[in-house]
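Some structures to go through are shown next.
What follows is chain A paired twice: with chain B in the first complex and chain C in the second.
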Partner chain A sequence: MARQRWIATAAAVVAIGTGASYVIRALPPDPTPVADFSAPFVFGRFSVPQDNPLTEEAFALGRRLFYDPALSGGNDRSCATCHIQRLAFTDGLPTAAGLNGESLEFSSMSLVNLLWGQERFFWDGRALSLEQQALLPIENPQEMAQDLEELVRELKGSRQYRRMFRQAYGEVSSENIARALATFMRMLISAGSKYDRFLRGEAVLTEQEELGRKLFMAHPDTKVSLRGGNCIDCHSQFLTSGFRDGLDGFSNNGLDKDVDLPAGLMAVTGNPAHKGFFKVPTLRNIAVTAPYMHDGRLQTLEDVMDHYNGGVVVSPTLSPLILEADNAASPPGSFVGLRLTDSEKAAIIAFLHTLTDEAFLSDARFSNPLEGEL
Partner chain B sequence: MKVNNEFKGLLPALFTAALISMLPAQPGAQVREESHGVVLLRGLPTLETAHSIAIVELDPEQENFGEILSEVTQPDMTHPLHHLYYSPAGRLYATGLDPVCSLAEIGLERDATGAPQVTGFECLDTQGQMVGEDIMWHSSNGTEYMFVTFMGGTGGDDGGTLGVFDPQTNAVVKVIEARPSQVGADKPYIMYPHGISAYQDRMIITSTVHPDLATGVGNALTVIDLNTLEPIQNIVVENEKPLGFPSSPVEVLFARPSMNENIKPAVLVNTMFGFETWKVPYDEASKTFGDPEVLYSGAANNTAVPLEFYGTDTELFISHALPGVVKRYDLAKLPDLVSSGPDIQAAPGAHHMIFFTSKSGRDLIAVQNNLLNLGNAADNDPTDVDFIAALNAHTITVHDLATGEQLGSVNFREKYSKGVDNLEGLFGSGFVHHH
Partner chain C sequence: MSGMKPIHINVLLAFLLALTVWHAFRKTDPPASQLRLVFQAEANGQKLVFDQFHYKNPNGPGQFRVQNFRFYISNIKLSGEDGTYLEPDSYHLVRFGAGNESFAVELNNIPLRSYSGLSFSIGIDEQANASIEPRGDLDPNSQMAWNWEVGYKFVVFEGSLILDDAILPLVYHLGFDENRRDLQFSLPAEEQLSSTSAKNFKVDVMELFSGASAFNMAQTQSVKFDRQDARRLAENYAGMISIAGN
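Let's turn to the complex of A and B:
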């Protein structure tokens, strides 16, 4: 009897121990808040979802997922296929390349400083969070063509991914894939350009760059003889991205006649007043993200300046801030544009080059962690 | 066995507790900070508190209204920092009353949740200039500088300087000094400068009062030619002497078309001891100033110690420390003072202010009600100055901007055993043109 009791006790101890061991392995340890987090105060407020705080484990997982071709149905393309670090996470193409080599509808957007700016993602604003955004290209049959359930099965088959998911979130799931990718993208902070150093008092702009900065920051006003490039009306002063509030960060910047205007934001909101509205992109690292606009139609920054200087196409939804921005006191009326001089255009371009953040473009923290493993 | 049964009964609870402890932390998301103010707090000697820089919640609709969200103390300074200013590049500066720190740059950053934090402050080399008051950024010959008034200057009975700093490096570029005793009679002088404002190539600074509040009081404006960075003219603004002192012009605003296209350029100035608001017309073609005239008399209207000018897109606000009101005027009608509504009834010492929206979207104004926190007799405070003690409510009152209704009040003396010397909106709360 005593022997039976001893065996039962031992069995119970083993069972409890095994159960506890399972629980300990299945539950995530306390994830580590990102170390030495640093964000310029001037970039303004930001919010992080309460169920997806910035942690080291989530960042490491998100970084690996971002670069892993396993995320595509054919295991042949990753997020990084269209978002290349040295190109500020764009791809250098007018529009992204589809699975079969076809040109997709939109240019691959730069991924930088996504903690700030508009809270809608994609050129037409169809995603309301980075978590939502992260899964759409994976499932898109023209992009990565991956079934999410299949992807979860694949990742569960990897000991390393099981461990990384457990450390970051607990389990492998499509929701946690989205969270991890969103965390990686939120951590892509560019704040080391010459302009940033200028703002911190660590660098001095050249005379031409300073003229460009002043023009960038000014809406032209002939009444007070203020010349301006009108950039700041859509690209905020420090972030150089679109504004955060409501749909302020979306605009029709005069690329097409009404009959040719794509739906843009209207496809999401259903509001005809949003026809031809696209997300105002960040200008951070703009010198390395050619070609430009949502469809990559403009090859160079000079082309961009020429567009705003005299090539603006009027349509019913054209931004009024662009429509009425003119440096001429009595515009001839033959075209809509800024009417800047060649030297003023060159100055703005010189300023735009100060937005290049070489450290960001080569930051090892954002590079492919799979290199050397594959 | 009874013990074992009890243990078994506890297992679910222990298991649940273990589970909860293993879940990831859920830091609160930072969703709005329009209503955060940055304040300079003065430790009160008899209450054994230290001076500090703090971020405080000022929206009465928030549960944490009046709470300090971040704070950095200045334990080694006899006098606190004085006035906060953001540079065009978004850097935060403060002038200071303590000779060891007459000008400082304040560090701000965000943690991984987005919450703003004060990280510290760095005292800047002023080349001996003391008692920093106001700062503004303006151009001289196409180059932008940071201009700082130092009411104590480099010392002496008739001191006072205008410091010109490199806005990038914070290095002193020039110290503009012109003591009455040195420049000679009828020559333009600078003495006890405090207020500062500029338009095109003309800058105005005021001659207020010696920092010891006893040695001397000014009654004039000094015009600085920004082409040469030299004083070129004094303009006396003095009429009534309700206290028997010189007028002590304090804050100044160069009203100009960039504030509203209808404005004809003119200088507005408040006289701290004359209780008046003056207008000095300016002809920009000839670069000449007209005869000063009194626009508002505190003696005739039962107000005293007019201090600050602040503005929104449509209105100009002037604080009057006694009885503690903020008067409001139509911005488009400047430089004349045309009332745009009833006074905002703040509290004694009404001084600096910020504008922001509440959580529900209500437009608010917060007013810091303290002239100078020099203590009061009830505390047997060694720094007590009786007439100033009457101008210290130690509060920030928050009002509906449209109606003036007071919606909340934070008494810093009661809540934190400190006085509140200055208030500025946390970056992103919107700028005002108080210069």
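Let's turn to the complex of A and C:
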């Protein structure tokens, strides 16, 4: 008898379990994993947070949020105000424009291939994930000046957003806003430049571009007559971004002398050895993201090359690799800079132009989804 | 429940029986052996100090500081009474920094009960050095990669030297297949492996400059692609790792 009851209980548990899993599956539709998601082999490993897998629904929601001025307090600017697709998601300004017309401290950063490279975001690396990053500009009084609770209330008032949130995650919440924006940004993958096609064996570089590539990829060594621009010491060979490991993707590339040197990464780590360290930015689409550096101080790629060639300012935390890289043999300590010839500088710039990915800059999947609706 | 057909009950019973049998016969895995190889960065017998002009150039004038010191070890092999174990995808970047003067490489699921021999290389094998496949800690988009045509740096030392008030950069990037050094350690006695075993090593950065051959950093402030210089420093780094008394 007892045994029969035991069997009955087991059967009931199985029945309830099956039923429950049926109901759970039937409730919100399973979000669709992004189909055929693949990434270039040469970009290497990447990781997506377990609690925020890449799904079509999250991407569609994130894309809409990214472009929606409703995310700002005055309903007058969106993420895309400062991150414009045809400028590789920068804004063309030296430093971003604040809400009251003031200039902010930093230049808007290009949003591309964020699945790779450093796992810290912003010039000083203060955000540790894209989810964490995404809400900061919304709340920032100089950027979008929006109260998060207010925003959630506003989005809940929209039938379309309620539906999109339900399909992607469940409820409308600030966590889910952050997740959706992060998903959209993770999918901003640029791998169709001439350099990528060259790496896949589908394109041939011109002689000048090839010389530029070689110089980009070489640390100069006068002892063996190897000329180089040493860019690869900080901008990785395939991604052209900074390195992923630890804080390897941050350094001081010699823009300022010690007294003028901003804190940079030191503000986050508290380590004086990190004073003036900034996130080494990706160079993908660099030809369309002028002006350059964290405060947009350099107008053109020629200015950038002149900086590395002979304009480097020495400070105690300046990268020893920059301090040492020189294409002319001279008494140690007598000169800081690459001392490349004009045609070598031009070659590196030609190589940098091969990093422009027209298909990415005009990819309809990354464009404003609200445009069609207005 | 009286409505349940006998056949269903039978199926259920068979299932429960199978479950019980599976449970009873499931082998509990033997506790997997683990070994932590703990590397301690040192200079002159003391914990290595980073970022400060703390050290005298051992073979010439000037004081120097260490800003970056790291190296690859690879192909770790353990041997003992019950066989040898070769770690799969065995490529580890041993890296140090201020506050991280020790670095542990963890070997898990070692199918040995004890070991008395241990070997690994400083640097990586030719095949891995010619590949851009990410394996272990090998990453072609990392600081350790020169570029895919040249391969990986095996040992990186960066710092600066103060000489007559001038700050001079020190850059030693050492690689090339011929500079891989295979190290062999044999222990005086068989050591048991458990889930908490560890082996401590000291890594003496000064050996890089005053090991087999005396190297004056004031005279040669950088070594990258010059084969002869690189080989000299490789001879030196071959002796920089030793087993520490526990």
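We adopt the following convention: the second predicted complex is superposed on the first by the 342 of 374 C-alpha atoms of A that agree within 3 Å, B and C clash if a C-alpha of one lies under 4 Å from a C-alpha of the other, contacts with A are read in each partner's own complex, and residues count from 1 in each chain.
The rule we apply is simple: a residue touches a chain if its C-beta (ideal position, glycine included) is under 8 Å from a C-beta of that chain, and two chains touch if they have at least 3 such contacts.
Here the structure is a predicted model, which means the values were calculated and not measured.
Visitor: Let me test your reading of the model: by the given contact rule, A:Val224 touches which partner, first (chain B), second (chain C), both or neither?
Guide: A:Val224 sits against chain B and chain C alike.
Visitor: Does chain B (first) or chain C (second) touch A:Pro320, or do both, or does neither?
Guide: The second partner, chain C, only.
Visitor: Using the superposition on chain A described above, determine whether A:Asn271 touches chain B (first), chain C (second), both, or neither.
Guide: Second partner only.
Visitor: Which partner does A:Phe238 contact after superposing on A: first (chain B), second (chain C), both, neither?
Guide: Once the two structures are laid over each other on A, A:Phe238 reaches both partners.
Visitor: Who does A:Gly246 touch here: chain B (first), chain C (second), both, or neither?
Guide: second
Visitor: Which holds for A:Ser38: it touches chain B only (first), chain C only (second), both, or neither?
Guide: Touch partner of A:Ser38: chain B, not chain C.
Visitor: What residues on chain A does chain C touch that chain B touches too?
Guide: 42, 44-45, 223-224, 238
Visitor: Mind pulling up the chain C residues that touch chain A in the complex?
Guide: These residues of chain C touch chain A: 1, 4, 8-9, 12-13, 16, 50-51, 67-68, 93, 95, 97-98, 132, 134, 139-143, 145-149, 158-160, 163, 166-171, 173, 221-222, 224-226, 229.
Visitor: Please output the residues of chain A touching chain B within their complex, sorted ascending.
Guide: Interface residues on chain A, with respect to chain B: 23, 27-31, 33-34, 37-42, 44-51, 53-55, 115, 169, 198-204, 223-224, 238.
Visitor: Which stretch or stretches of chain A touch chain C in the complex?
Guide: 4, 7-8, 10-12, 14, 42-45, 116-117, 217-219, 221, 223-224, 226, 232-233, 236-239, 241, 243-246, 248, 271, 273, 314, 316, 320-321, 323-324, 332-333
Visitor: Name, in rising order, each residue of chain B that touches chain A in their complex.
Guide: Residue list for chain B touching chain A: 15, 18-19, 22-33, 89-91, 108-114, 116, 167-170, 257-258, 261, 427-428.
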